[in-house]
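Following: one structure in structure tokens, then a few remarks.
Chains here go by letter, A, B, C and D, matching the order in which they are written, and residues are numbered from 1 within each.
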Amino acid sequence: MNDTASGHKPLGRSGMAARAARDIPEGWYVNLGIGVPTLIANHIPPEREVVLHSENGILGMGPAPEPHKENPWLVNASTQRVSLRTGASFVHHADSFAIVRGGHLDLCVLGGFQVAENGDLANWAQSATEAGRQIGGAMDLAVGAKRVWVTMEHTTKDGRARILRRCTYPLTAAACVSRVYTSLAVLDVTPKGFVVIDIIPGLSFEELQARTEAELHRE
Amino acid sequence: MIDKFVRSMAEAMNGIRDGSTVLIAGFGDVGAPNALLDGLIEQGATDLTLVVNSAGRVHKPGDPTTGVARLVELGRVRKVITSFIRATSIAGEAVRDGRMTAEVVPQGTLAERIRAAGAGVPAFFTPTGAGTLIAEGKEAREYNGRPCILELALPGDVALVDAWMADRWGNLVFRDSSRNFNPIMAMAGQLTIVQTHHICDLGQLSANEIVTPGIFVDRVLHVAAGDPQLPR
Amino acid sequence: MNDTASGHKPLGRSGMAARAARDIPEGWYVNLGIGVPTLIANHIPPEREVVLHSENGILGMGPAPEPHKENPWLVNASTQRVSLRTGASFVHHADSFAIVRGGHLDLCVLGGFQVAENGDLANWAQSATEAGRQIGGAMDLAVGAKRVWVTMEHTTKDGRARILRRCTYPLTAAACVSRVYTSLAVLDVTPKGFVVIDIIPGLSFEELQARTEAELHRE
Amino acid sequence: MIDKFVRSMAEAMNGIRDGSTVLIAGFGDVGAPNALLDGLIEQGATDLTLVVNSAGRVHKPGDPTTGVARLVELGRVRKVITSFIRATSIAGEAVRDGRMTAEVVPQGTLAERIRAAGAGVPAFFTPTGAGTLIAEGKEAREYNGRPCILELALPGDVALVDAWMADRWGNLVFRDSSRNFNPIMAMAGQLTIVQTHHICDLGQLSANEIVTPGIFVDRVLHVAAGDPQLPR
């Protein structure tokens, strides 16, 4: 993961998750999407009461269960076995999405393919004609939560930008993202575009801009 | 005496017709009516439209094909309405090859459309999907400054439901996260068929704990279905 | 209540309720409206399992409680204290009306001011400009139940017809009524209009027609 | 630590503004947040729109005026949205005399509009009220051969809720038929304030029995409210 040219070390999946977890305060109701967002749960200290929501009707999800305490009837939105926090509750799927769509979540964190400077998000398909379509609950979450954060690699594996002036992939939702946690930086989506609020050590603003299609602004 | 228990799978499946829309509950394997799906495969109805959260898991060669994938493989499915279908799944391949069509729907819209059918709401507006491919061909309108699209109720001729415990009136409770689509699909099925892990006497489920009242249930079959399996 | 001119005895409130109760088979889910319909419950034998629904979220209502078994937290849609049958359950108000509006009730029985030969029902106001408006759940029930029966006096106290060609009062719902139980007869609403399926003893078809504005048909 | 309990009525009522729309749960006296209504009367907010199933009971001369009737009597209510208002009630008289307006709504439409607000559905079609006075001025459209009208979501700035038991996360259960409007108004309130008859430790309510999850609840006040009263 070392970017030897500039001497900085991009955050890995766990590093991005940990960085995002720092910014989630006690008392928030939060949905963590599939992938890196799911890892965020591991970085929220147990004593900080953050109530995790899962699309399949759980409020108050806990961490992965200890091996001898697995409950096959209790899975998260990725169908991984999970545990419950004290205070948890179950609802059915329509009520679960009433929570999402009714604006009751303080935050959802989603994975992303692309984010545009107007907050547009693309995270479910790379073209309009893909045979598989894996929308899941992303469109509902992107539209419904009070805040939408995205965690993703700052660029694609072959170095193309994901932080864009306009998304080129099919949208998940328009103008929904408020913040992006990438492997290189934390960016706020503002009326003037992307504002850089954090860069990993060893990387300059200019070096970050060079890896970004959209124009970046200083805080 | 009201008695919704049926004594055999044949009785449970009786009368499901070709061309039916079948609502299939569950999220992954949890709360999925797998025994009833086996029964439907056996029963023979074809030209089906299946409504199911996830239509296509990856299929490992050598594993037996079951459930939705098996119905698709048998050519019994005309269309799936789903929130999730993988290109590499049996269902995804059937769509790619033109043997089946797929309507892919945001998961919350799917749940709300099903609930709407059960609640007598023929159509509703939602911001989910506005400005995306999902909005194509749909009526659009702004509410409170947000673009919205019109979505239609999604009723089933048949709903297949998995309950934890049931009584002879068809009152149901669910275990933990197996609740998921089960209560709303029970509401939305013209003929709601339940597989239950346990049965109990009327009155054993308290009035305050019943999640799905028997009014939404037509038939209940007691099956020894075991615990849900993790995906391989 | 004796109609001395023709020697017949109109059914009273209890008589109408008993007559309607006879026609409700075991296994039906039924909502009984305020007034005479509520009395129907007293005429369904306890061993016949009819599941009574109440708008405020009860399925499986039982009769009025014995005096020492009253539960102040358990009332019917008229806010009278009731009991529960074994097998009863509670739902919230939106789910209760999902039951009504989603077509899940086999039957609702409503009181009426007027019923027209096309099945139109008027039962909530006598003019469009009344100060009070007491709709309650009647419009939902009239539209949503699989069958709508009406129980009412055959004529008003001053002898005006209630069984009409067209309703003159504001409608509760259009073309919703399938059967009417009056103090004098049982009438089915059919494509050709009202069909008489029962008349109280001592009253002829012609005498019934004389008390009815709409044209009556023999079975 | 999440702690939604407030220690005083003043704290419970803090910040309710003039001009608010207030959702008031209950069916008759059962499940009605009477203590919170007393608190609202004391708190002083005016120019209110009240959403309540029944706005006008008959008032017997000599009885103390309470709740909705008292707010109306004090001139603090601009409008009621309700399914039931008697001409001879205090609210009915205020409407007749032009001191207040009333929007009378079928009870099921009222419940569905409130639920829609909580679920993020801005508008929906329903057959209820089509072809009646209720349809006046509303968009009409046919679905499945049935005339329908368009109804709008009905959110509250404030929801006043009565629970049987609550924990510090705001998880709620209700006693018997007091459930009624409480869960859906809790969903639809921007600020949801709960009076609870009993409090319990977190975890004492099981995950399967909780009816209203705390996510819908902002403040919980423990009150000794006693049993519901029958109407006189």
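We take it that a residue touches a chain if its C-beta (ideal position, glycine included) is under 8 Å from a C-beta of that chain, and two chains touch if they have at least 3 such contacts.
Everything quoted here is computed from the prediction, not taken from an experiment.
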| item | value |
| --- | --- |
| A-B or A-D - the one linked by more C-beta pairs in contact | A-B |
| Centroid-based (C-alpha) most distant chain relative to chain C | A |
| Rounded Å distance, chain A centre to chain D centre (Cα mean) | 36 |
| Distance from chain D to chain C - Cα centre to Cα centre, in angstrom | 29 |
| Intercentroid distance (Cα basis), chain D paired with chain B, Å | 34 |
| Residue numbers of chain D (touch at least two other chains) | 112, 115, 119-121, 126-127, 174-176, 207-208 |
| Contacts with 2+ other chains: residues of chain A | 90-91, 94, 97-98, 100-101, 144 |
| Chain contact graph, described as a line, ring, star, complete graph or other shape | other |
| Interchain contacts (touch definition) - all pairs | A-B, A-D, B-C, B-D, C-D |
| Touching residues on chain A, where the partner in the complex is chain B | 54-58, 71-75, 79, 81, 90-94, 96-98, 100-101, 125, 128, 130-140, 143-144, 170-174 |
| Contact set on chain C toward chain B in their complex | 26-27, 29, 49, 51, 53, 59-60, 84, 86-91, 94, 97-105, 144 |
| In the complex, chain B residues that touch chain D | 112, 116, 119-127, 143-144, 146, 148, 173-176, 207-209 |
| Touching residues (chain side chain D, partner chain A) in the complex | 1-2, 115, 117-121, 167, 169, 171, 187, 202-203, 205, 207-208, 210, 213-216 |
| Contacting residues of chain B [partner chain A, same complex] | 27-30, 53, 56, 83-89, 92, 95-96, 102, 104-109, 111-112, 114-115, 126-134, 147, 174-184, 211, 227-231 |
